[in-house]
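As written, the chain order gives the labels A, B, C and D, with residue 1 at the start of each chain.
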């Protein structure tokens, strides 16, 4: 029986110069791969080039990852290319952190359970015990790690240990209402996504729905971004929005916002695990579907 | 021949207490009017009540505005009601102020010309001469009033004179790139709408599309608000938004933003001239269609 | 201790004529109620008037429903008014019917569990056994009633029995992939909401995502409507939509569509249980928030 | 002085097989071009491959179009590639056809006048005289060609003559309320864009806003598509939509629809002149920005 062809994804970025596409596409051609999808962006303001290619083999030969990497590195080196290779069949390991609000967690778990998000969830970490049952029903270990000003370093050490033990590819702060330490932010750079319940840069910090209510906004939104040491200033991945009016008290904004948060966060997670996102200074390049 | 029934609009707000609806609806009933549309809002956080009613007479009796006002005031007084009466056949006089960008002006003129916005435009005022031809083609007087730091008080005096001479009901700052003085803001309180090319409160002040580009936003938007002395902090009337991605340089954001600005501003103007907006502290109540 | 004031909702429609608002608002005033919100619509094409009022008592007197109804009926009768009175504290009993796709069910159950939708779900009925566990986790009886061409009358009789036993206020077809008989449609007129996974009237009938794919649409959507005997022709309550492009195969449209279906259906259910919807011939009047 | 580098666009489609990307990217690399942007799509259902590449020369050598085409054709032939080469500095010649509704025309003229759409408009053709002044103000020849059942062949012959004389690259039916003959549709295949004021396939044919009103829709929209002999069945390019409710009579739907039509049509025109669209059977592949 013929094996199902496996799809791979190569992502790369490097200084802009002629040949940046060719060095990848020619290599793939020579190795006998078929390109499903190719997407590039050339940032002319920063002279930096980004490319994402999905490719597959139509032959029966098994994919030799080591060889591929070794050989491609020789060519990529000439272009000072930063590049990654991923297999689309690999299930990213996603650790979810949460406090008491469960809507984003519930949404991610549903997408996990049905395969809509093709991931593994090796751990859910919370500073509260409330959502244990939900985790349990999905058969996922739940780590209740309370936190206080005094115990923060200790708690974060435990969190980091779990992340490492799980070999997590991504940490999702699904309404985890604690500010991570600078040290933690650094360790998680480019690997942790937070959902903030406002249209950043508007309403940074605490209680954004209350801030939004006081300002009398007519659009309510949410922002998914990579965590950075600068609170609510990390690179934005996705944003969602809905119309509201004067009838919306803070709790109504929060209710409408919940749906937006779920959609915005899951979109960001999907883009991350499909290797569609590049960190680019304080911004992102996202080759979204 | 039977006269076409005229539609009137009464808007009122007052402290919340029983009878606030009844005092209006009973009066209209007693006077023999038919209510086309009624919309109310009770702000339970501030204990303030807002109501807007469209009504018409189905009889041949001509509408006696003076009588109506005199009699209704007696009842409204008991409720400390602030109220206005307007006729839907009255064409609001709208003075437009603009600098060099003509997209909002062009959009408003089109809606004016075709009757989509049922207004009169007695004057267009600009600190630049560039858009004179456009005004001329629409048969509207164009006042070129240059401005500099030194001449600002003088220029604003002229602007104010024109507004008064026109008996303007509304002043629209359709990308007028000058900050109005405190004095001018006060004079125009609740009667001047500005379009700001960002989703306020994000990117206040100068060059919002450049600010948005630097922040790497994934949604670009615009905000129409009443002018207040606090720059870009006036009560918000309407906001619009579209998705963007990393490909959008500032000029691309500006291009996409132009369409959003036009739609957001014209929506705010329409709500104002249809008496759908209440100023409510630093916010608005908008009974939009 | 002072009792918390209870909110009530009165909805009414009748032929258009002067006094239709007054008859309701004066009665409420005379009875000492405070009006929270009032919204009306006058269909000038059909000469029919619709009104929805939320009101509360600020006194300690308990609400005497029977008296209210008896007294108001006397006045309403003069206007040939059809009217209903509901208490906002009453939890509507919603029976959910489903086949194998669980996304809408899961979404409704989450909103039920968290109180976002303030309802009771006395029964989940399915022609398949697959979703039993999900129902069980939420503590809701699950009725597996298989159906075939031969057993349809018998199965529908059982379904109807459950609906009656539960005293269901609403039946939600949350991707129940069976066409109801004419008899069943008649029994459920105005009390059953279906979600169809297309922007009706486009792509009626079977496999709408495949139809949409074949047509090469650039927007995918969903429609919630009251069930009627005319398949996919019942009065529309709400519609939702998202952009797509050529990359979306039918399964991708289905994936994106799932989120739209959930939002569109839950919005319709919310409007129904909050008594915001009027059936109006083949259409609806929806006073949505 | 160094010449500003010119940007070119190559678009190609062919049966899917390995090497389809490489044959283009390698050629561009060998010729010393820099790739600004590359976007591909592989239709796995039809086994057809589509690619669009923007590239520029960073050297001073002038672009030799003839050579490029001759040499590339040799390689493209092996892949049975259909391909086109365009220069981004070329201004497409767009003939606009219109009847009496001027909103789309007005919108296109504004974008033309300000350079937002980088096109030439050598002619406006109408079956009515009404919009002559608008054309005149923009300095564009206006051809008034009335049409009746009897004169249709004759009128279309004149239209075709103008299109040919102008060497039009694109014909835009900006609310031209006449059905083109089969012969005309064939001549204009892939070169004529129509705007239909509904979300196709809903409400095909005449008076879609009235149809939509009768059906009680909660979303109103518009569809830009290539003209085909099958009325309102041509390949869809773009669709736009806005929410409405029971308050919208047909004329209100039309008013809201006008804005949607303008945005949807201009987006389609932009995609066409930027060579972002491929005809693909009864569908399109659109590499939109």
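Here is the rule we go by: a contact is a pair of C-beta atoms (placed from the backbone, for glycine too) under 8 Å apart; a residue touches a chain by one contact, two chains touch by 3 or more.
A quick note: this is a predicted structure, and the numbers were derived from the prediction, not measured.
Asker: If I rank A-B and B-C by number of C-beta contact pairs, which comes first?
Answerer: More C-beta contacts join the chains of A-B.
Asker: Please flag the chain sitting at the greatest distance from chain D, going by CA centroids.
Answerer: Comparing chain centres, C lies farthest from chain D.
Asker: Indicate the whole-number Å distance between the mean C-alpha point of chain B and the mean C-alpha point of chain C.
Answerer: Taking the average C-alpha coordinate of chain B and of chain C, the gap between them is 36 Å.
Asker: I'd like to verify one number: the distance from the centre of chain A to the centre of chain B, where each centre is the average of its C-alpha atoms, in whole angstrom.
Answerer: Here chain A and chain B have centroids separated by 42 Å.
Asker: Residues touching two or more other chains, restricted to chain A: which are they?
Answerer: Each of 41, 44, 247 in chain A touches at least two other chains.
Asker: Along chain A, where are the residues that touch chain B in the complex?
Answerer: 41, 43-45, 199-203, 214-219, 221, 235-241, 245-247, 249, 280, 282-286, 288
Asker: Would you pull the chain B residues touching chain D in the complex into a rising list?
Answerer: Spelled out, the residues of chain B in touch with chain D are 102-103, 106, 110, 114, 116, 137, 247, 252, 255, 258-259, 263, 289.
Asker: Looking at the complex, which residues from chain C come into contact with chain B?
Answerer: 16-22, 25-26, 28-29, 32-42, 44, 51, 58
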